[in-house]
């Protein structure tokens, strides 16, 4: 489904990504982790072309992301993405947030787009909030709406870029619950996150990055059981025991 | 802005707008200050204007100098300082009223409306209002202007006459009111208007500035006769008497005629053009019998 | 096509330069008076005394609601007499420059007052509290703590306003005062070369203002870097 | 020497036309309003376009937009007006220039004033729009693109609507400035409010009454525009968004 081959990216002489390769198969859940500045957010943004890259190739559902002729909006329409800071559109009601791209990108009639709303909001437990504005919701609620907004496009896969790291601790679980649910339904997911509990619970594989490189790419049990690299061991030790 | 601002504004209006007037007459004021302030124009050729060295010159200006000499003699102050303030047709009346300037000799028509606010000396010139147009424009007289763009200078009698003519005779002219004579002539020269209505003497003066003076002509029956006078502060008989006497002396002694010849019958700055504007019957009559009558 | 003739300009340079000095003089006076009087107005507006706050608000709103052109016409009519009687200037001294200066300074103060008020308000309340906690009086807290910080934040805005003011001085044209623009216009009018002189004036203003705005940009970059 | 107040002068029939002098002032007010609104419309359109161009990831376009802003911001309004009115028609191909100069003078003056004020103000609007766009979190743009919206759609539906809400206060003061700046049109002879004050002085010889009346009219205009923009500001508030009160 997502194939990342030898991807490299640099700003001037600064190497952000170097020779990154991995695969995400249909129905698979991949967690990408690593220390801050390791390039994991950049990598996930390369997948739907939000960040350009200079070397290598990324193919999503048979379409090469970096190729100049690729119709990026068309590709992105089918790749859902959830951001660290939610990025709901503050000047639109929750319902309008859900329908905007359906109408403008997929060309769905207004009524059809609206009709999808209640079911999606039900799914993230926020049916009553449709008429409110993003600023009137808590962070956890906003992030759940953001997930619903991505799902409204009927994506073939979902990208999560640190979806819980801007949240207060008591709100993290409400978002993770939605993500677990999604994973159980068989959604193809690539998640940048530090939530190791979530990773253990649903991820098929864990990708560990450091200094722009993929240091480890292992099945979940193998990664948590016995990480091969020293760097990953240190990272796990820090993140799991405090 | 709020209601508060309105209150403040009202206050400011009361404060500022009640003009503060000195008592005791202009002559005393001049004597106390040791200085007299003259108002002049910047581009009223050949009455009062700047030459290319930014010195004020002109027919009216020369007459004003003579009046100043008479004031010096009257006050026995030969070293009286003289200050020059350029005025426009918009601000000349307020500036006389508020005492910024003591006397203005330029090209100001003496009329009854203005007499409500200022006084006028003995007249210094008489003009007729006519048209300046391109020789090949086909404009011979005012009747030819129907439906055309015509320019005049804002705040002048010509502007009123032109508007009235347009209203009365339903001529459908589009009237442009330029800020000053220079701008009015520019409007004519660049083709925005087919004719420029103004006092004939001033039209000859503008002609002198043209890139090709030979292309232009002054045409049309004079629409009005107007007397130019020097503006003086209102209700100051003593001051007016000195100025009037000086002007009358100039005219009856024949000196005025010499000044006239210098500015209207000889080459003048800035381009050394000769206006060739012979002495009219009206001006001759004025020189013979000086007076301060308005024509309307 | 139009035939340009720039020959009027070289001979007129001394007169144009004289005009530029008038322009610069006007700008400098208005900036200095504007900042001083503007600071006072801003402090009055923020003060707890209703009368002072009321006066400052009225003043600022009044001047900000009238076109500068009207203000200049007003001052050209009124100030000469008023100054004569208030300050004892000799009657009849050329008041055009003085009245333009006074008009500009009073007008621009209203704009400066708003910039400075915003600057003062941008200093966190905690700073005032900290100053009081150290035992400072209101005046000391203002002078030693608040205003220095406020002015540092405001410098780019104050300078930008000065550039706007420099451009605005061209409006004294309505009072027949020969500032740079007035001088250029008069030369153009006299020689029938208005097109050339207007383009020349526009170019000079552009070069000066653009250079000044680059300088301000560099200054404010330095300020944020420090 | 004393000033003779004659407030009743405004009710007297004017020197030409059927109106009273009060009618002249009304006509001036109408001209000021028409001029300002037309210029504001133009400034909003051009300023928004230029503001968007300044933020697009394309050196050439953003550079052009920056040059546009610098030109219109660094030349005094009065000089710009004179250039539009006196200079431009001379520099155009003679046929065009002459065609323009044959138009009704009021049309010429109005057109020159609208274009001048419009461009002048658009440079300032452009900077506000740019600042508004730049103050939005970068993630907004990414989120919108990630949903498959094109860059144009992103500006149209996400960034501009939000940016405009943020910049209502500075736009309000620019709008007020348009009304005040419109007074310069009097220098090319357009009979708007400031020019009427001058003309009233000429015709009535009552300078103080004329100036006071016109000044008060400007202040009233200011109040009306300000309360209008307050209403817009209230309408534009985004519930729950920081900055909304």
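Labels for the chains are A, B, C and D, by order of writing; each one numbers its residues from 1.
In the analysis below, a contact is a pair of C-beta atoms (placed from the backbone, for glycine too) under 8 Å apart; a residue touches a chain by one contact, two chains touch by 3 or more.
Keep in mind that what you see is a predicted model, and the values were worked out from it rather than measured.
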Open item on the list: Please report the smallest number of touch steps linking chain B to chain C.
Closed with: 1
- [ ] Work out per-chain C-alpha centres and flag the one nearest the whole-protein C-alpha centre.
- [x] D
TODO: Tell me which chain's centre, taken as the mean of its C-alpha atoms, is farthest from chain C.
DONE: A
- [ ] Can you check how far apart chain B and chain D are, centre to centre, with Cα atoms defining each centre and the answer in Å?
- [x] 36
Task: Computed distance of Cα centres, chain D from chain A, in Å - done: 46
- [ ] Could you give the separation in Å between the centres of chain C and chain D, each centre being the mean of its C-alpha atoms?
- [x] 21
Task: Euclidean distance of C-alpha centroids - chain A vs chain B, Å - done: 82
TODO: Enumerate the residues of chain D that touch no fewer than two other chains.
DONE: 86, 90, 187, 198, 207-208, 215, 219, 222-223
- [ ] Spell out, as numbers or ranges, the residues of chain B touching 2 or more other chains.
- [x] 1-2, 5, 9, 17, 19, 21-22, 94, 99, 186
Task: Contacts with 2+ other chains: residues of chain C - done: 62, 64-65, 74, 77, 194
Open item on the list: Quick check of your reading of the touch definition: is the inter-chain graph here a line, ring, star, complete or other?
Closed with: other
Task: Every chain pair in contact, whichever chains are involved - done: A-D, B-C, B-D, C-D
Open item on the list: Looking at the complex, which residues from chain A come into contact with chain D?
Closed with: 45, 48, 50, 72-81, 83-85, 87-91, 100-101, 104-106, 132-137, 146, 149-150, 153, 159
Open item on the list: Help me check something: in the complex, which residues belonging to chain D touch chain C?
Closed with: 70-71, 73-80, 82-83, 86-87, 90-91, 93-94, 176, 179-184, 186-187, 194, 197-198, 207-208, 211, 214-215, 218-219, 222-223
TODO: In the complex, go through chain B and note every residue touching chain C.
DONE: 1-2, 4-5, 7-9, 12, 16-17, 19-22, 29-30, 32-37, 42-43, 50, 52, 54, 83-88, 91, 94-95, 98-102, 180, 182-183, 186, 189, 209-211, 270
Open item on the list: For the complex, give me every residue of chain D touching chain B.
Closed with: 1-4, 15-17, 86, 89-90, 98, 101-102, 104-106, 108, 187, 189, 191, 198-199, 201-203, 205, 207-208, 212, 215-216, 219, 222-223, 226
- [ ] Please name which positions on chain D make contact with chain A in the complex.
- [x] 137, 139-140, 142-150, 153, 157-158, 161-162, 165, 238-242, 244
